[in-house]
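What follows is a single structure, written as structure tokens, with notes after it.
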């Protein structure tokens, strides 16, 4: 009973915050057209995206309930990172290829370290030890390992060999992208069809919570989804346009912006969800949000961007900065070593956050390089 | 009953294929002496090696049954990768040192990713979840980790430091080779003497299968082993001689040939065995073939080649291309992360194959470098 | 009964050895003042430090018993690596910054591979399989992973990017040091307060052994601690002063000395303890000594040295040689893969020792570089 009340209170607190943040949509538009300065446009557009991302997430989930688990899961899997995808496509089209690449690595890092770290820390402050399905954690870890290996292969090849031309990197990147999208489709087949029983615990928990729901009005949610998608595109445009001037005013490099700032905006919704459910001791769900989001970025968003870049005539390869490679490898290794036993506690959460802090410092102190600063 | 029939059918199908492939021995000889072109020599010699490798494997196992488990195990451990060893020695003697080195890394990669991947995928299509002894998997993984670390140490040293001369690399490689052969002897002691009970499951399975066997005629099999060994040497000679011209006609680099093509020929027999037993749900045996073969390459074949190189006056160090180092490390990491929990399913097999595909693309696109192309 | 007798015998044998080694204090002083040569000073000072380090350890433990578990644990955690810290501070003050850095990586490597390896090997020769708490092993492994990642971040950044100036590396190193000291404090909070029950097994074992003890005379042990600390400082001074000349006379590089020789002297006490308890099948205690010591070096000693360097006006950053990075990463990976399942046997110990041997060869053959040789 008490728990339900708390839940409702939390829900309404969240909704009030989202409604207030909605005010930043007109504010950002005003800032843009009345030329209040790039920095203000950047900050207000960033804040305006937060409620839109949250509602896109809710709308996707509600539509998924109506259309049934199979199609719904596919919808969730495709639109789950719609915000990141839209921001990235806008930035790609604007030619900010290095920012797009940095935001891919940044999204992976922030989901694995920041989101999972806060979930384990805040969950661990309430519960001495939290448990989750180690099999799912391992399958996810293996998929992430593969994705990271594949995504970073062009970087590793370019870094360890001389005289690789841009075309070779492009071709290798396209080939890798195709493999990854196939693997993504197969992981969906695995989790929704052939081995869905492994994932049932998490789903049951979510459904239990949504049981008292009225049957959602599908048309309403499709409308919400469309409007939010449009507005996110719009706000992303302003965010991206103001990005370079704004961040240089703040004394930040484009690398730091791409790796640290953009993913925090783009992943805010997942972040809130993962931490909230962790505090209710639903670690399976919490981890599937954090790791699942990283997996979507690595197996779906990144390859789609490579292919979209080719189509848009803004070719984007998967040749990252070597230090980004180091950061991603390090994040995956420490996240694996902490999650593989199916148990978590506050210290493990703290270790993930400490790793994120150290990487944050490193990217902050990282010198400006040609092509990205 | 039905299973036994299927087994017999499979056996005879396999034997028919092997007999047909045997025809490539005279064909390859004809191609060589009648000068039908290097490409045809290369392909026919490659095909001719397949049945010889398979019979060498069978002969070794049959002899092992007669001489008893201890000596037999040693025989198996020594001649298990005889085909690779012979091809590599012939290539080493011909001065194709980079091809030899590439085929070492390629054998490790193809056993861990291609062979284990197909075993888990095809086994997983029949059985929802397959299990195997996690302790053996871990001991093997630890041995592989050590071997890979040791083998790649000279590469890592050369890559991270300037001004290392060839003699230092040679001396370090010989020292590493000696350590590895000692470790190999100790792993045999562990698996056959002090902790053989851990490996009993797998052996029982094999013996069960071989129970209806007539007592093998030892002299016959020794004869088969000798004849096959001679023919493999012979065919390897033609394979190696035609290798450079043939692969350049196919538009392939020597690196791709060494890392991808040669190991597929050399490991075909293990490959067939591992997949066949996996489809009978004998994952312990399947993995011990795949991982055991990698271990033999890393702990025995590679060090023997280093020492043989010194003896033959064709000094071979363990300084690999940096990208080979990346590929091996990546293969070991993903194979460890998938096999360490003692369970497998079709998705895990797919992930290994996807990793192999991505590495294959990378080696295909890898530019030609001085000394290897 | 018999066991107790053996224990007493071992104790007295150990004490006799320590008393004999004590003679090297006057010998080293004579060698220094009568100018018998740098090599003799170096060797005798090194031998003289061994009994002092052992008694400092005993004194800290005895005082810890009197002041109670909380304050005692803190004392142990702070003074546990006092010898290394003193040698390092003296060397830092003498400007031997590269030797200090090398001894940090060397201490981590030797604790994880040499100490843990000998413990598992010698314990495993007596007991077929030894077990220890996998949860503690995993938490320790995760902390080590974080520490190693953090410590090596400046190296990784410097190696993967051009044009990083010394000041940036200094600032990043100080930031990392502060994060690590905070993490160290939190791991103490975890192991002593919030999750102390996980560590109870090991503590119970130690207490059981110390039960027949008379109540220690606190004043006596404080005196011993002070005298030993003073003498270690003194002897460290001579060790460090003679280090450069002595090692070059032995034909060794400063890198080899820092990574291999200095840690063997500095960790001799932990080494003896870890092996002794492993042979009594107390693997929890043995591993907590080995891994705990590495953790203290990485989370406490190294950051303190960075901050002390800034205070002493001898700025020390965390930019190690790239090959040291490789060696530490490799050591952590193989130690993790062997200890994470909570079981050990003699082969696993051998693998750790083989890894140490290979790294030892690599550092021995490593060419002299500017700034360190």
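When the chains are written out, they are named A, B and C in that same order, and each has its own residue count from 1.
Keep in mind that, in the parts below, a residue touches a chain if its C-beta (ideal position, glycine included) is under 8 Å from a C-beta of that chain, and two chains touch if they have at least 3 such contacts.
Per UniProt, the chains are A, B, C = Ca(2+)/H(+) antiporter.
Quick caveat, the model's predicted, so the values are computed rather than measured.
Engineer: Same or different: do the copies chain A and chain C touch each other through matching residue numbers, with over half of them shared?
Structural biologist: Counting shared over all numbers used gives less than one half: different.
Engineer: What's the rotation, in steps of 5°, that superposes chain A's Cα atoms on chain B?
Structural biologist: 120
Engineer: Quick one: chain A and chain C, Cα centre-to-centre, how many Å?
Structural biologist: Taking the average C-alpha coordinate of chain A and of chain C, the gap between them is 41 Å.
Engineer: Give the residues of chain B touching no fewer than two other chains, as numbers and ranges.
Structural biologist: none
Engineer: Touching residues of chain A toward chain C in the complex: what are they?
Structural biologist: The touching residues are 128, 159, 321-323, 325-326, 330, 333-334, 337-338, 341, 343, 345-348, 350-351, 354-355, 357-359, 361-362, 365-367, 369.
Engineer: What residues of chain A sit close enough to touch chain B in their complex?
Structural biologist: 134-135, 138-139, 141-143, 145-146, 149-150, 153-154, 156-157, 160-161, 163-165, 168, 171-172, 175-176, 179, 182-183, 186-187, 190, 194-195, 336
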